[in-house]
Structures are given as C-alpha cells and as structure tokens.
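Mind looking over this structure? Questions follow.
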Amino acid sequence: MKKIEAIIKPFKLEEVKDALSELGIEGMTVTEVKGFGRQKGHTEIYRGSEYTVDFLPKIKIEIVVADGALEGAVAAIVKTAKTGKIGDGKVFVLPVENAVRIRTDETGDKAV
Amino acid sequence: MKKIEAIIKPFKLEEVKDALSELGIEGMTVTEVKGFGRQKGHTEIYRGSEYTVDFLPKIKIEIVVADGALEGAVAAIVKTAKTGKIGDGKVFVLPVENAVRIRTDETGDKAV
Amino acid sequence: MKKIEAIIKPFKLEEVKDALSELGIEGMTVTEVKGFGRQKGHTEIYRGSEYTVDFLPKIKIEIVVADGALEGAVAAIVKTAKTGKIGDGKVFVLPVENAVRIRTDETGDKAV
Amino acid sequence: MKNKTTSVLRLLAAVASLAILGAVTSTLHAQDAPAAPAPTPVAFTNAPAAAQSAYLLAALTNGDPTPTNIAPVAVAGHTAWMMVSAALVLLMTLPGLALFYGGLVRSKNVLSMLAMCLGITGLVAIIWWAVGYSLVFGTNFASPFIGGSEFFFLKGIDSAPNTSYAYWIPQNVFCIFQLTFAIITPALIFGATAERLKFTALMAFVGLWMFVVYFPLAHMVWGATGLMNGVWNADAKIPAIDFAGGTVVHMSSGWSALILCILLGKRVGHGKEPMPPHSLVLTMIGTGLLWVGWYGFNAGSALAADSVAANAFLTTTLATAVAAFVWPLLEFILKGKPSVLGMCSGAVAGLVVITPACGFVNTTGAVIIGVVAGVVPYFAVTVVKHLFKYDDALDTFGIHGVGGTVGALLTGVLVNPSVNGNLVSDAYAAKNGLKAAIESHSLIVAQAKAAGITIALAVVGTIIITLIVKLLIGLRPTDEAEHQGLDITDHGEEGYTH
Amino acid sequence: MKNKTTSVLRLLAAVASLAILGAVTSTLHAQDAPAAPAPTPVAFTNAPAAAQSAYLLAALTNGDPTPTNIAPVAVAGHTAWMMVSAALVLLMTLPGLALFYGGLVRSKNVLSMLAMCLGITGLVAIIWWAVGYSLVFGTNFASPFIGGSEFFFLKGIDSAPNTSYAYWIPQNVFCIFQLTFAIITPALIFGATAERLKFTALMAFVGLWMFVVYFPLAHMVWGATGLMNGVWNADAKIPAIDFAGGTVVHMSSGWSALILCILLGKRVGHGKEPMPPHSLVLTMIGTGLLWVGWYGFNAGSALAADSVAANAFLTTTLATAVAAFVWPLLEFILKGKPSVLGMCSGAVAGLVVITPACGFVNTTGAVIIGVVAGVVPYFAVTVVKHLFKYDDALDTFGIHGVGGTVGALLTGVLVNPSVNGNLVSDAYAAKNGLKAAIESHSLIVAQAKAAGITIALAVVGTIIITLIVKLLIGLRPTDEAEHQGLDITDHGEEGYTH
Amino acid sequence: MKNKTTSVLRLLAAVASLAILGAVTSTLHAQDAPAAPAPTPVAFTNAPAAAQSAYLLAALTNGDPTPTNIAPVAVAGHTAWMMVSAALVLLMTLPGLALFYGGLVRSKNVLSMLAMCLGITGLVAIIWWAVGYSLVFGTNFASPFIGGSEFFFLKGIDSAPNTSYAYWIPQNVFCIFQLTFAIITPALIFGATAERLKFTALMAFVGLWMFVVYFPLAHMVWGATGLMNGVWNADAKIPAIDFAGGTVVHMSSGWSALILCILLGKRVGHGKEPMPPHSLVLTMIGTGLLWVGWYGFNAGSALAADSVAANAFLTTTLATAVAAFVWPLLEFILKGKPSVLGMCSGAVAGLVVITPACGFVNTTGAVIIGVVAGVVPYFAVTVVKHLFKYDDALDTFGIHGVGGTVGALLTGVLVNPSVNGNLVSDAYAAKNGLKAAIESHSLIVAQAKAAGITIALAVVGTIIITLIVKLLIGLRPTDEAEHQGLDITDHGEEGYTH
C-alpha cells in the first residue's frame, strides 16, 4: 500500500475528487493547509504595517491505495490539478505498512 | 518507529485520547480534516442551489510510537473509535526513520 | 527523498521558515494542528463547567527534501524552534518514494 | 439519575399544586370590571383655553387628559419613543438573543438557535395578529384570566390611543410593542433545550405554549381586567406589580425551560464530551444588543417618554452594570479569573432581575438588585444545576427562572411609590389594595402569589404541552443527527464554510 | 449561453422601450408648478391664543400649521424621530447590508462587500453634499424630472423646516435622512455582481449611476415638482404613490442589478464549484439589523412621529414577519427543510414588498403583502434565475427587483385612504388625479406607469454606464485574481486570519 | 530604542510642563460663580395664558422657560431623544468598541478586548453612582476644577431636570447619558496597550484614572462651574468650547494611551512576527455601530432634540463620510489599494475630529474637518508611529490623541455662531469672553490652552498612575502568557472553538 499526498490549488478539489472517484477510489482525506513555494505571495498592509504573506491557501489530499492503484491515481491527480501556472502543487508517494478499517477490523488492501 | 495515522469521528476524540493515555502514550498530534468515503454526505440548499456535501468532518490523529508500542496503540484506537456504523474511519501505519525532540535534541525512541 | 514533519510552537513559524529558506529549501506545507504531550494544558471554565484543555495549538511543517538536504534541514528546524521549554515539539523523518511537480510533471528530486 | 429526575419533578408538582390552590382561592370572587361611563369628549378647538393648555401639557408629560374632557391623541414624543422601544425589543431577539444563544452552542448547532429566533418571530406575529393581541389586551370576555375577541385580526386597531393602556400613543404601535414581548418570551425557553430539540417540535411547542401559558399570564398581569394587574385594574384580586415582565416574560419562560429540559433529557455526550461555547464573541455581541434593546423593554414599558420611563432607564442601567461587575468578581474570588461569559451572564441577570422592578424602585433599590442579580443566579448556574444534574444547556432557568423569581419578590420589598405615583393612585391602587399593601410593607405577599401562579401555570402548561408534542411529533432527533448537528439535519445548511 | 443572454437582453430592451414611450407620452404636457403665494407669517407670541393652541397641537400631531399663519419650526418629538430614523437607515447599510451580503459570499470576498458599502457611503455623501440633495429636492429647475441648483453644497440648509416636504422637522436632518436612502440604494445593486466586479469599476459605476438613475428617479417620485409624486405634487402627471421607495430604491437597484450582472458575466467556476455562503451567522445579523433599521426607512418616511408613521410601523412588522414565515414554509413543503437563509430571505422580501405600501395600506393589506412577498421572490430566486441562467449572485434582482415591482403594483391595489388622509387631500390628490384614481380603483394604472418608467430608466441607464465603465476601467479582475479573491487583490487584506 | 523612548518622554514632559504653567496662570483668579437668585416659580395652571403658550413652545423647541417663570419639566420629545442617545452611546462601547478593537487583535486576545469593555462598564458605573457624577456635575465645591458632593450616591437625582445643564430632560437620564461617556473614554485607551496588559492592572488603572484625569477634566469642560466651560459658565477663566468631548474624551484617552503604551513597552515579537487583525469583519461591524452610536454622542450632546442637535447630526455625518472616503483615497494613491481598515479608520477619525466641533460649525466646516480627519491621522498612524517606534497597537493615540487635538484646535477656527446661539449668549458667552473671542477670531487661543491643560493632565496623570499600578500589581503578563494569549491566561476562556 502507498499513501499519496497531493498538495493542490483549492479550487481544483472538486475536479480532482471526481477524477479519483471515476477511478474507483472510494476514500480520501482532505486538509486545509498553507503552502510556501515558488509561487510568490502577496503583500497586506494594515495601517502602514506591511506583511508579506508567503503562505498561500492550498488543499492537501491524502489517499491510501493498494500498490496497483498508485500510478493511475497519481496520473489522475496530476492531470486534473494542472493549470500550468506556478503553484499547482506536488504529489508525494509514501510507503504504508498497514491499514485497518475501524468499523470492520479489516486490514490491508481490503481496508482502503 | 512507526507513525500511526488514524481518521476517526470527531466525537470519539476524547475517548481515543484517554485510551491511548492509559497505554502510556504521551504524545499525539491532532488535525481537523474532511473525509470522503463510503459514508454518504448530505445535501445543502441555499436559495435553490443544491450542493452535495461529500466531505464530512473527521479528526486525524498522528502518533509516532516505538515499534513495540504499535500493536497496542492500533488496537486501542480501533476499539474505542468503533461505533459499528459506516464512516468510523481508518488506521494507517507508516514507517518512520527518525525522530528528534526539539527541546532536548534527543533522537529515536527516546524522542517520542 | 525524505519527508520531514516538524511540530513546533506557532510563534516560531516565521523563524523556522526563514532558516529553511536560507538553506535553499524552497517549498513547505504548513498545517494548524493541536498537540497533546508532556506540556500541560490549561483549564477553561464556562459558567461552572470546567474543561481541561490538553490540546494546545501547534504548527506542523511538512517538507519533502532530497536525501542530501535532510540533515541540514532537521538541524535548522531544531535550532530555530527550540526555546528550551517543554512543548517545543518534535521532528519526524519519513521515507518518500516519489514526488511529482504537478505543473511540469517533473518527478523525483527535481520535483521538490 | 432516573430517581433524581423524578424527585425534581415531584418537588415541582408540589409547588405547582400549592400555587394553583392559591390562585384559585384568590380569584374565586373575581368580577367584571364596571365600565366607567365616559363623558362625551369635546373637540380640541372647542375646548376652553385653559383646558387646551392643560391638555397640551398633559400630552408632553404623559399626564391624564380626562379633566380636560378632550380625547387624547397620538403625540410625537411618546409615539417616537414607543416606535424606538418596539424596534429595540425586536433587536433583542433579532439578532440579540440569537447571537447570545448562538455563540454558546457548538458551531454545528449555531443555525438552530438563529432559526429558533426567526421562526418564533414569524409564528408568534401571525398568531398575535389573528388572536393573540386580543386575547391579552382585549376586555370583552370581562375575565381576569383572558382578554377578549374584539381585536381579532387587529380589527379596529389604528393610530388612535387605546386609553385603557396609554393616553398618548397609537394603539397600533402599542400592539407591535407588545408583540415584541410575545416574541422574545418563548424564544428564551430554548436556551435550556439547545442542541437537541427538533425544530418542528419546537415550533409546535411554541404554538401551544402561547395559548396555554403566555396569553393568559400576560392578560392576568397587564390586561385591563387582569387578575394580578395591581397598577391598572381597580378590581385586581391580587394587587401585584410587574413593570416590564418579571413574571410574564422571565419566570414563565424560565420555569417552562426547566420542565422542558428535564422532560427532554440531556444532550448526547453531556458530561463526557466538552461542550464549550463556540464563539464568545457572538455571545458578547448578543449581550450588548440585549442590554441596549432592554431599554426599550424596560423604559418602553412606561408606554410614554415620561418620568417613569426616565426612572426605569436609570435603574436598569445601574442594576445591570452592578450585576455585570459582581458576577465576574465572584469568579475572580472563587476561581481566580473573571470571565467574559461571567460578565455577559451578570449583565443579563441584572437586566432580568431589574425588569419587574425598574419602574417602581429608586437608585438604591437598583443597586441592591444589581448585587443580588450578580450573586443568586451565579450560584443557581454554577452550583444548583450541577447538584440536580438537569441539562439546562444555556442556563435559561438559572438566569431567567431564578432571576425572574428573585426580581418579582424583591420588587415587593424595594417598591418605592415616590418614583411612580401610579403605585398609590386613587383610581386603581387605592381600590384593589395595592396602596394599602405598599403602605403596610406587605406587597411581597401579593408578589409571592403572583409568582406562585406563574410557576404553576408554566409548570403544568409545559408538562401537558410537552407530552402532546412528544406524542404527535416527537421531541428529539436521532443520536446520529444530534452528533451531526441540527444545522445540517434540521435546516440543511452550515453556519460557516471556508 | 450567448443566445440566452441575448434573448434576455432583447426582452428587456423591448420592455424598456415601451416604458420610455409611456413615460414620454405621460409627461409631454408637464408644466411648472405655480408657486403658492405665501401670506406673511406672524410670530408665535403675536398670534391669537386660539392660533397658538392650534399651532401647538399641530406641532404635536404633524398637523398643517398653515391656518394659524405661524411659521412651523423644528419640534422635539418629530426631530427626535427623524434623527433616530436616519441613524437606523444608516445602520441598514453599516453594518446591516454589509453583513447580509458579506455572509453570503465566500470568505475570500467578504471584505469586498464591506468595502463596497463603506466606499459607497463616502462617495455618495460627497456627491449628495455637492449637488445630489439639490438635484432631488430642489425645485428651481421647475422640472418634473430633476430638482434644482438652489441647494448645491447644502447652501442655506439649516435646522429650519423645508415645508415643501415636512412642517416640523429640520431640513438638515431631512437632508441626512434622504442621504441614507441614496447610500443604500446603489449598495443593493452589488449583491448581484458579487465576487467578480473590480472595486474601481464599482465606484465609477456608482458615481455615474447616481446622476443617471437615482437623482432623476428620486425627484420624479419624491421631489415637490416630481413627475410621479401623486401625494405631494398637485401637478404630477402620473399620480403614482411610493411611500418609502419601492420604485426609487428597490426597483431601481434590482433592475440595474439584473442588467449589470448579465453584462458582467458569471463568476469563474459558477455552476461547477460549490459557492455556499461562508457565514450565515453574518447574514442573519445583517437581517436583524436590516429589519430593525427598516423601521427608520419605512416609518421614518412619514417624516414625522405621527399616525401615518405608526401605521407604517405596524404594516412593516406584519408583512415582514409573515413573509419570514411563508418563505421557509415553502421550503419545508417543497424541500423538507426550512432554512435560516430562507427565513432571512423571506424577511427581506417582506420588507421590500411592503416598502412602497407601508404608509398606504391597512393591517389586512399588510398580511396579504406578507404572503405574496414570501411566495413570489421565492420562485424568482429558486426557479426563474435557474431558468434564465444569469448569475445574480446574492439575488438582488430576485428579491429587490421582483419584490419591488410586485410591491409597487400591489400598492395600487391595496391602497386604503383611511390610514392616510394625504391620499385624498384637496391640495394635491384631488388635483392631480390621485384621489380619483383611488376612488375608481384604478390606481394600478399609475403604478404600472411608474414601474415602467423606473425599469426603463434603470435598464437603459445601466447599459450605458456599464459600457462606459468597461471601456474606461474594465469590469472584471483576472481569473487568477478572482480565484484568489477580491479581498487580497482589490484591498490587500484578508477578512480573517488565525 | 531606549534613547528614542527617553526622547519622546522628554518632549512630552516639556509640553506638559508648559501646559500646566498656562493652566495655572489662567486660573489664578478663578472665583465662585455667584448663584443667580431664582424667583419663585408659578404653577403652570396658575400662569397667564400667554406664559403657558410660550412655555409650551419652549418645551417643544428647547427654549428657555425662565421668562415664563414656570418651572421646566421633563418633556416627551427631548426625553425620548436623550434616552435614545444614552442607549446609542452605550452601544458604542457594547459591542461597538469591543468589536472594533476585538477584530484588530490576534484571535488569542479577542476576549481581552471584550472583557476590557465590559469590565470598565461595570466599574465606572459603580464609581459614577457613588461619587463620579457628583464630582463632575455637582457644584457645591464651587471649584473650577472639580464638582461637588451633593449628588454622592445619586442622592436627590430623579426625573426633574437639573437646569444648570438642560431645561427639559430628566436629570436621571442626563446622569446616565453622561455615564456612557465616562465609560467609553477610558475604554479607548486600551487599544494602545492591546495584547500585553494584565486585566487586573487595567482595571486598577481605570479606577485611578477616573479620579485623576476624567472627573476633573470633565468638570473643567462641562461642569457648571468648570474652568474651561465657555458656553455655560459665565465665570470660565478659559472660554473654550468642546461640544461633545474632543478634550474630555478623545484627547484625554489618546494622550494617556500614548504614555501608557510607551511605559508598558512593546508586544513580544513586535516587528518580527506578523500581527494582522484577526477579523476585519468584526472591526467593520464595530465601525458601523460606532458611527450610528456616535449620533447619540454628538447630536445627543445638545441635551435636547433641537436645532443644535440637528446641526450636529448633519455635521457629524458629513465629516465622517468625507474622512471615510479620504483615508482610503490616500491609500489608493500612495499604495495602490483602498482598504477596509482604511475606510473604518477614516470613519472613526472623522467622528473623532468632528466631535468637539459638531454643534458649533456649519456644513462647510464639517467638510473641511472631514478632509483633515482623513489626512492627519492617516499620517500619524502610518508615518509618525513608525518614526518614533512606540507600539500603539490599535492606534488610539494616532486616531484619538492626534484627531482629538486637531479637532479641538479646528473648532476654534471653524466655529460659527449662526448655527448655535449659545456661542454668543449674553448670559454666559458675553461675560466670560467667549463671544469676544469668536468675534475677534481668536478663539483658537482658548482652545489651545484647553488642549494644553488636557495634555498636561493626561500625561502627568498617566505617568503617576502607571507607576503606582506597576508597583502594586505589575503591568505585564509573562512572555509565556503573552504568547498563549490573554484570553486563556487572564480569563480562562477561548474566543472561538470549533
């Protein structure tokens, strides 16, 4: 099993979710995060105090998949999340040693 | 060392935390996340615009434990987080290569 | 590639970010989390109902780096995030199998 | 637990029975008020110059125009004040109370509190238009317990004054002013039942409660033929006084809240999960708006911009400020930290306790009331509730029930006729015994009777209505729905999205 | 899509053309109002005692002091009410409307709504001071279409009454009261264009729109020489009535909003991404403040604390409460869940529809209006909008445009002279045909004409202004900026940080 | 840094010394005001018809009833307006200022701002009741510097007017109206010290500051025997004018804020961590409520619903709207983006600067003041503060201190007796030199003296009090606590939970 962590632009979430659903991926977990990267931020001024805001709103999607489903999922994410503009985000793949479905105690690939 | 990532129902947090504390687990990190899965969402209507909300509020618990503590911790989470109803969540186990306690510079099992 | 997950005190974020930038690390993802640990929480009282709040606000920084950059990054985080007081947080290192830059489809070390 | 509940209910039943007994005895001899034969009024222009001047001065100072024999009309200053007051009391509910309560629940239930306030506003306004106003302020049933049918559908209500209630303000504004009271009163109840009562059940409860509890009680206390209207009904059997609603508003809602929250049961997870307020900022905004709006409620209850209103304005401010200081002071002394919720709670408690008294007590009385209001509800909320283990979620009973009762009784002790001549008027107070009671310092007896009747009516009425609603609609959502929150399950919306 | 837009525009153009035609025909014979020769007034102290008394009574009841031949002055009760009313109407915009709209957008655009309300307040106040007030309420152009220049820079405006409009209130307060209307009206428009209109474009649009649409329209309806001022202009060619701004405020903004949002195009992601309100709590606070503030708007439009104000107070309350109940009732019946947004929408719809009627209809009329207001805008918003596929983001057209139009027409049907003698006054209504129209139950003809002219002016004016602004400044931010949100791109700030 | 602080303090000390010198010189010859021998008043009914009529007209227009020899009473229109005004000024603090400030801090300190406003309300009300009102508005000490003891515990204060201050409003309402000023003034200070002052220290500071700064200053400016009460004290040594509190409210709080924030030191992390406002939405709600409430503050300061109030209403609106437009315009020109915070800041600055002038200047004066108010505080806040590097966290000094000072001086320049006859009254202004100063266009001298005394008192008073509080209680929380936020450490609560 692998865990996919994708950082994407927030307005792409629906599209990515739909693309993954079409692949038969039935579960994912989403977090609102702030990203720092090559995409430059903006300046905010509050009564003369200027702040450079480098942390931009991003969405992190976490999906644990069986090894076989990895490639398709990554490809789908990359495809739908791409705008071609800087700040589109990253996909990381991490190894997962086990998974348990709390409701049923199922483990391994059956659990995801 | 292993990292446990558990996605659970929000109202189960206190119980799970207490169960883990009893096992002697002294640290964990918690994030509010949104989960998409088999548990069906609900529909929201705002002046005639209907939205299907598939992302449901969940809590993600992250715990890094020494290898020996893994099994007990996972079992405790699964036991206390279970309601038997769909949407109870998952537990994932990932390998961890190192840990450092910032305050003391301790590393490895001593750091968690 | 490795993934560094650092849990730090919120007011240290700017300093840590600057230290990492100086090392040439150009990307990171930040999440607001709640931490439970040795640092004791506080009590809140609402009209006679007392709650012990053990979950304290923390910041989680996630950085995926090429193997070579790992040590420096971890050291920089530990150094700048340290206050010496309990609750300073942890740094965890996890293996990463792959990375993709969504914008360019670059993979591996080039993607981070 | 079961036993605790049972014993609380038993205690209440006993109190209620006694109170009913008292009420019945007191009113056995209630009779129709004889209509005063009104002389034909003269037109202003035909009146003698002296009468004209006297009339105009009376118009400016809320004097009695009867001696001039010119019919009173709606006059600018008083009309302006009553429109403002009605708007202020509406502000107390929308958005005052909605925010006060909305901030105290968990964020998944915030909309349920707003919907409660909005829904009640609509429902009660419609009932008020159809029959409610008439059942409270009509008189053609000639009953001490309920009003009349002459104003059904607001028939005949226009901008002319209804001199049974006030000389110089339009009846239509009076009608709306009173409507705003009829709106906020039931809305107060549902602080106690927060986070676990179905919206449909809530609305049904309100529909019945208005008829069973509010309309009779409001008529008894404020109706021209009312049983306990000591100030304005010469035939009142119980010469009690309640300036702005200690019994009608706070006791009725507070005691109903206690019963309903016991019958409803506790929130799922109560005592296990933490249930802190999701936004004390909202609660504080609500508190500010309640305080400001309450000037319409209290000083507006003079039904004129006159000396009595001015006195009510002063006493309301002092009692509230003192209570807002004393409550957090107690926290500071006993727990080490004065809290914002404590300050807000103290302010509201002060407002509640001064409500029945504000037009009847002087400065010193107001300060005393402020101190009591900062202390008694504090202990009701922090000690009594935990002792008896009912889940009065947002402390409606602790603040409005207890505070209203304390206020009703204190009014009997601190009453001071020098701030309000109506307390010893020849036309009413001298006839129904109010004047005598005040002079013999025994007004507290009438006040206790009025409080007893109020408790009895609220308790018995609520038990009956709750059982009916439970049978017909059911009271609680499923546990699943309760976990998810009422906003999504009852209203299909979320309070906040990012 | 393109086709849809085109056909909608075509339809509107047709409506507009017809309306213009009607307006032109009706007004071909417009003439200067002959100035009534005023007799020299006597000083109060020199007047006979009977005149003094009559004068004082008139002062208290907003009577006409002309027979006493004493010049009217600013009088406490009315002045107090008008200051309160002006403050209440300002409250409707700051922060009422800002919150109502601000809660409905996504959090990245919340500040853009607040900036819109604040920016318009500043801009319109400056224009109003310089020329606006004069162009609406001046008369020296002797035109039915536009006011005069005599009050430019508020020259000569002090605390003395301007008796063309009201006897007993200071003209400076009248001026500010009317300013608050001139502020909220354009602010309403930008609900429709929320989340995608550049701030600079918005401000430029407002600057032009005031001159092209608002000032002429307000003069036509409320100016002493106005074309459609049936109640106060004996020479009005179209004896229409609009108590508090059905045409001037709601139709003008609502129809302009429709056109502007079509010309502007849809939000990026519209129909694909979910765009739920980011905080219904803010929206509900806004609703409460709008409702409370609207008492200043509606009852304040009597320009006195008199019987007419009192009637407006009552009808406003009833219609609003009923509509706030009917809208969620429809949701409950059709969709299963009554929503907070539905309750808020119903309340605002009720307020909108009763606005032109509030001082002219009785209780029953108000309840009927409430029902209609709960139903018609509901379908405009949930059905019509989706049918024609324009992106009226926060439903300005659906509620204000449709509601205002319905209100203007219903006023013609439900008008009832017994609540407001001015409707059949010999001085005006008998001369311009209003009295006759009311008595023959044909007032709806004048109302329809007034509505037609309003739509024509709003539609044509908006098209022209939009094209100008588009050319000079451009209307929309880049898609990138729209994704990021207008708060950061236009104002360099964020609504919330943690 | 240390050096910077020292030099700022030195500068201030110099200013203060000079000012004190001036004050002492000016007042060496202060004497008791001779009590005017009052003729025995006649009862209204016994007065001649002409006197009755004149009396009634005076009652309606806030005229002087002395010639009629009938004692004035509380009259509906004025009483209504003053109750509304007092409620509006309370609204400015609860929740207006609480939200304005609360939104500007980080979310971990939001409750500390709310607690500050609530806590001060309670504390100041209690002091006011006990001695404060008497020390400001009493006269039996016959001192230009402090009031008297006759009203301790509000003895003898009822609904009869106190004609030293106003003829037609009840003294109890006057007392509460003035209380609301005494509440908001100290609350303004703690914007400067936000996020780092212990709650206990804050409360102790307020308790002392009222006696050392506020009561003397308010008496000097507004007391019947006050040193600088040019309009109402015939013996005022400095015939300065301050309509609604430029010196008493804004300068006193603003200059005290500057000193206190310097003595307190900067926030931990200041200049390193970003400290953006956590919710501009709250700040904007606060701004709206401040603006609306300020009508009570400014127009209410006429103490009647009369012509002067009407003028204040107009000037307040114009100055505020202009400043709310000019400030963001400057941002737009200099930085490219007009901000919501800029609009809010401009509005508040406009309100501050017009405060002393609103009842004394005309329309044009108001617009000029609006422009100045949009420019000067803008630079105070964006440039001066950064130059001198003090941590005036929420810009109390920049807006209230600088704005108040500018307003006090501008009032001397733009004063216009045609809008307010009291400026040249024979009874007072002709005697104490105010009339002469206005006619010779030299009023600015008196204004500068008044400003100097205010600064001196605020600066010296604050230094002393701060040192006392530091010694007794300590000023700052631990760094740890400051990081965690004052909400948890001082109040044991969180502003928001999810």
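As written, the chains take the letters A, B, C, D, E and F, and residue 1 is the first residue of each chain.
Assume a residue touches a chain if its C-beta (ideal position, glycine included) is under 8 Å from a C-beta of that chain, and two chains touch if they have at least 3 such contacts.
Remember, it's a predicted structure, so these values are computed and weren't measured experimentally.
When the partners of chain C are compared with those of chain E, the chains appearing in both lists are A, B, D, F. The chains that touch both chain A and chain B are C, E. Interface matching across B-E, A-F or B-D places the copy of A-E, with more than half of contact pairs shared by residue number, at B-D. Centre-to-centre spacing of chain C and chain D amounts to 54 Å, using the average Cα coordinate of each chain. Each chain gets a centre from the mean of its Cα atoms; for chain D and chain F, those two points are 36 Å apart. Chain contacts: chain B has residues 31-32, 44-46, 53, 85, 94-95 touching two or more partner chains.
For chain F, the set of residues touching two or more other chains reads 49, 53, 56, 59-60, 75-78, 80, 84, 274, 276-277, 285, 335, 337, 339, 341, 492-494, 498. Going by the touch rule set out above, the chain pairs that meet are A-B, A-C, A-E, A-F, B-C, B-D, B-E, C-D, C-F, D-E, D-F, E-F.
Residues of chain F touching chain C in their complex: 269, 272-274, 480, 483-484, 488, 492-494.
The touching residues of chain C, counted against chain B in their complex, run 2, 6-8, 31-38, 54-55, 58, 60, 74, 77-78, 81-95. The part of chain A that touches chain B in the complex is made up of residues 3, 17, 26-31, 64, 94-103, 105, 111-112.
Touching chain E in their complex are the following residues of chain A: 9, 11, 14, 42-46, 53, 85. By the touch criterion stated above, chain A contacts chain F in their complex at residues 44-49, 51, 53.
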